[in-house]
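Just passing along the structure, written as structure tokens.
Going by the order they are written in, the chains are A, B, C, D, E and F; count residues from 1 in each one.
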Amino acid sequence: MSPPALSRFPVPELKDLPDDLRARILEVQDKAGFVPNVFLTLAHRPAEWRAFMAYHDALLLKEGGSLSKGEREMIVVATSGANHCLYCVVAHGAILRVYEKKPLLADQVAINHRKADITPRQRAMLDFAMKVCTASHEVEEADFAALRGHGFSDEDAWDIAAITAFFGLSNRMANVMGMRPNDEFFLMGRVPRPPRPATA
Amino acid sequence: MSPPALSRFPVPELKDLPDDLRARILEVQDKAGFVPNVFLTLAHRPAEWRAFMAYHDALLLKEGGSLSKGEREMIVVATSGANHCLYCVVAHGAILRVYEKKPLLADQVAINHRKADITPRQRAMLDFAMKVCTASHEVEEADFAALRGHGFSDEDAWDIAAITAFFGLSNRMANVMGMRPNDEFFLMGRVPRPPRPATA
Amino acid sequence: MSPPALSRFPVPELKDLPDDLRARILEVQDKAGFVPNVFLTLAHRPAEWRAFMAYHDALLLKEGGSLSKGEREMIVVATSGANHCLYCVVAHGAILRVYEKKPLLADQVAINHRKADITPRQRAMLDFAMKVCTASHEVEEADFAALRGHGFSDEDAWDIAAITAFFGLSNRMANVMGMRPNDEFFLMGRVPRPPRPATA
Amino acid sequence: MSPPALSRFPVPELKDLPDDLRARILEVQDKAGFVPNVFLTLAHRPAEWRAFMAYHDALLLKEGGSLSKGEREMIVVATSGANHCLYCVVAHGAILRVYEKKPLLADQVAINHRKADITPRQRAMLDFAMKVCTASHEVEEADFAALRGHGFSDEDAWDIAAITAFFGLSNRMANVMGMRPNDEFFLMGRVPRPPRPATA
Amino acid sequence: MSPPALSRFPVPELKDLPDDLRARILEVQDKAGFVPNVFLTLAHRPAEWRAFMAYHDALLLKEGGSLSKGEREMIVVATSGANHCLYCVVAHGAILRVYEKKPLLADQVAINHRKADITPRQRAMLDFAMKVCTASHEVEEADFAALRGHGFSDEDAWDIAAITAFFGLSNRMANVMGMRPNDEFFLMGRVPRPPRPATA
Amino acid sequence: MSPPALSRFPVPELKDLPDDLRARILEVQDKAGFVPNVFLTLAHRPAEWRAFMAYHDALLLKEGGSLSKGEREMIVVATSGANHCLYCVVAHGAILRVYEKKPLLADQVAINHRKADITPRQRAMLDFAMKVCTASHEVEEADFAALRGHGFSDEDAWDIAAITAFFGLSNRMANVMGMRPNDEFFLMGRVPRPPRPATA
């Protein structure tokens, strides 16, 4: 039996990709031990792939601001749950567990962030993200004020909104493509990381 | 009285922007006769600006596929209406009127695409876009089949979904920022274009 | 090619209408320069037409109360947007622009009244109208108190509710009939009014 | 203890009303044995009262068409249930029981018309009414075709839509006013009608 | 013509039921004068019937706590209205009328509890129940605090939630089965109780 | 730091429980290696606990019918996801993984059952369950017919509905109590089961 498809659309082989895509993908593979399917499935459209990755990096790899890497992933997981995006909940849930070293956190945030083991500040962050995700036209001054009450600057608010908005794009593409999460993600951060084989 | 703010966030001056942003903005200004506010307001974050514009161009300036430029704008206007995004409905409504040379079309599509003067094929395109916009997790084979029944390929389906997803991002950012549409957009495509002054 | 239908139902000719309907319609035509389609399409049922116009006049032509004519039209445009009624958004958007002499206002109110260039008092008025439009069973004392905080009397609250309720009727009829807005409305109030030809 | 208020707004006394309102109200009282509160509470605004009653009579007293009087009341009860309007569910539920001589029907229709003891034709009628009530912008040719399949003409469709739309207005006004149903309605049509006292 | 079915599923005859079910049912019949259909229709599955009745009795027959029997029925009627459950609204509406000796109360609570003749404390109780019914994942400390402000203990909150949750189960089963309310319920508590025939 | 609370309500100690509760709980502990929190948190109310467990057993331990144990858990996980119930998604997700020996299945079903690795028959089963969960009043003959098309009997439909309805009760109680899933559940069925220590 053939393995389940990664995407409803054609998935290119690594060898057929433009050099810049292949280089980035090999770098990720080297770091993670596997290639997350989003890198291959979106590569069907190299121009969109480049913009997607540039946007991703601008938001998630950004220095500065008061959002930790784990908090950025909380935003991804909570809003991807609201959008019922299997790929993003599973993949970013894994990253969230790894960053926060809390094996239970991702499931909590994905199912109901109100019940998660997070700080009141993180709760306010996720409340704002969920409003941007589901009713952005109702965002108003009071929402920024609530964030400020927890020490978030307006630049932090931009970060929260932008991460939410970007993964809203990602969620919709993954849902339409039927993007399948790598099996590796389901267990990542739930058990101690297996030792990586030495590379000569 | 000072003019209304273009954005809740700081809006950079053209002279303070990185060269690549300034060059693109001047090019747009030269072509359109004014600088659409999205270019200035998003430039508060140059890295995100670059990714946003690259994504935009990959989807809206793309050659090939069966979606005309006007049809791509129909998708933007219909889904931005569903997201209650003032900037995108007004700005892309203007572009839609210009492309399609139908002064009534943008209002029809924004308010209720079922009542718009469009072809059955365009209706199917917008039905798919609206599903991606509001319930992407329910998109299934039957939705692709419906598109095929109107001559759309699966690559066209990707285009429709990607435009919808990208403007979902844009709508959320514009709503959070309170991005104000330029006054010029409200009238564009409704009346014959005024002659441009000669530039020496 | 024949012009698009004004309504899914038969549209009577002016000459075939009862005298009182024809007289009113001619009066409107003389004042506006054209006959808004609602007058002709609803005239398919003269008894309903008479009640509709009497209700309309009782609410929109009423003297007294603190709602200006422009504010009454704001209510119509905002709630008709919520009901996705093409005819009413376009026709009353035009009247709103004319009354308020603000060419951008109708689009703002129709798409997201929270982003419109209106006063806090007008914002409270539209918040109340939107609640009557979408969840009237939840209207309670607190909603009246909020209006009073902006100087509205309870009689004003009745006016806001009644205009909303009446146009909810109008929106539903226009949606079911597929009532088409006159082309003239789309541009009204966006550009200076063309001079009317002298009538001898 | 004073009796509960009939309305949040002032309720005029019969003797203070314009002659035409008083005459109609006395006529209703003579026929029904009491004055339904809608007649008194709306009479706070005589001009609106006249339009309301004219509209009501045009729809509910109309001769012709294939909708029986009982069927028209079914539409009122089902859609008023969807709008959570206490006055209209109770008052028109009473009238429905009286017309159809089925003491259980009104509760069935108000709570879930899918479980009511009605014909498939009446079910189709109520499905159309509920769509006009909750999502009129989605009404399309297929909805008219479904009605035709049960023998309804397009004129009948207008009747169903107009009754729904008019009572949507009525529901919103009653909800905002807090209009209280007369105690008499709750029992009407549930038990044999008590003999009326002879009038000399 | 055969009478309408009590349920989409087979309804056992009393004589064919296990002894414990028959005994309880006869007891109810003796007390109420008829067998409420829920007892017979659920008896198609005796094991589930026993658990259902045990749960019912634990919640509705419980001694202690500050909820009166009438208040427990208010919760059932309001939430069953939200779930559009014909059987539960009608049957428990009858019981509510009998307990509270208010013939109008059940219809008020079922259609819109905000307009019912209840105390502010009962209003708070029903607001909490409705939140448990429609959005239990959003229940938080503030909801318990609101109840405490009206003198409810946290144990009372459990009672309100448990009654709501249990009848949510009951509503779903009755809706799926198409459980028909006994004709007797529709009139119970609306008119003085008829004298029971003496049993020799 | 004290461990997080298992419930907003008092949680009894095993030694203080009635004998029948303690016996069942010790039996579960012996089998599972730990006591699932639902057993302790609900034991605050022994009468309700007994009814709850009897209902649970009648549905999930029942012999006969065409639903496998794994399929019953799929229903629990999918509908608990829709109700945002952390406890039930996590606990029954674990059981589902164990029964089906598919470590990915529970996350798939909880987030979007349309993307899960299940058969078309299981998809139909979950579609029916989700309708019972979210809109049971709209369940009609066509829904039963769809199940029959996949080989489900009407008795199977009762099973699907009853499991959905019972866990709707459970979800609401767990959400209101803030019931915390045992840490053990998060990993169960994701990795090979650790050897149990021999008991003498």
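Following the convention adopted for this analysis, a contact is a pair of C-beta atoms (placed from the backbone, for glycine too) under 8 Å apart; a residue touches a chain by one contact, two chains touch by 3 or more.
These numbers come from a predicted model, not from an experiment.
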What chains touch chain C and also chain D?
B, E
Chain B and chain C have mean C-alpha positions lying a whole-number Å distance apart equal to 29
In whole angstrom, the CA-centroid distance of chain C from chain F equals 53
Between chain E and chain A, distance of the C-alpha-averaged centres to the nearest whole Å:
46
So which stretches of chain F touch two or more other chains?
84-85, 112, 115, 137, 175
Treating touching as the only link between chains, describe the layout with one word: line, ring, star, complete or other.
other
Among all the chains shown, which pairs meet the touch rule set out at the top?
A-B, A-C, A-E, A-F, B-C, B-D, B-F, C-D, C-E, D-E, D-F, E-F
Per the touch rule, the chain B residues reaching chain F in their complex are 137-138, 140
Flag every residue of chain F that touches chain A in the complex, lowest number first.
4, 81, 84-86, 89-90, 103-104, 107-108, 110-112, 115, 117, 175, 178, 180-181, 183, 186-187, 190-191
Where on chain C is chain D touching in the complex?
8-9, 44-45, 47-48, 50-52, 54-55, 57-59, 62, 83-85, 132-133, 136-137, 139, 144, 154, 157-158, 161-162, 164-166, 168-173, 175-177
Considering the complex alone, what residue numbers of chain F touch chain B?
112, 114-115
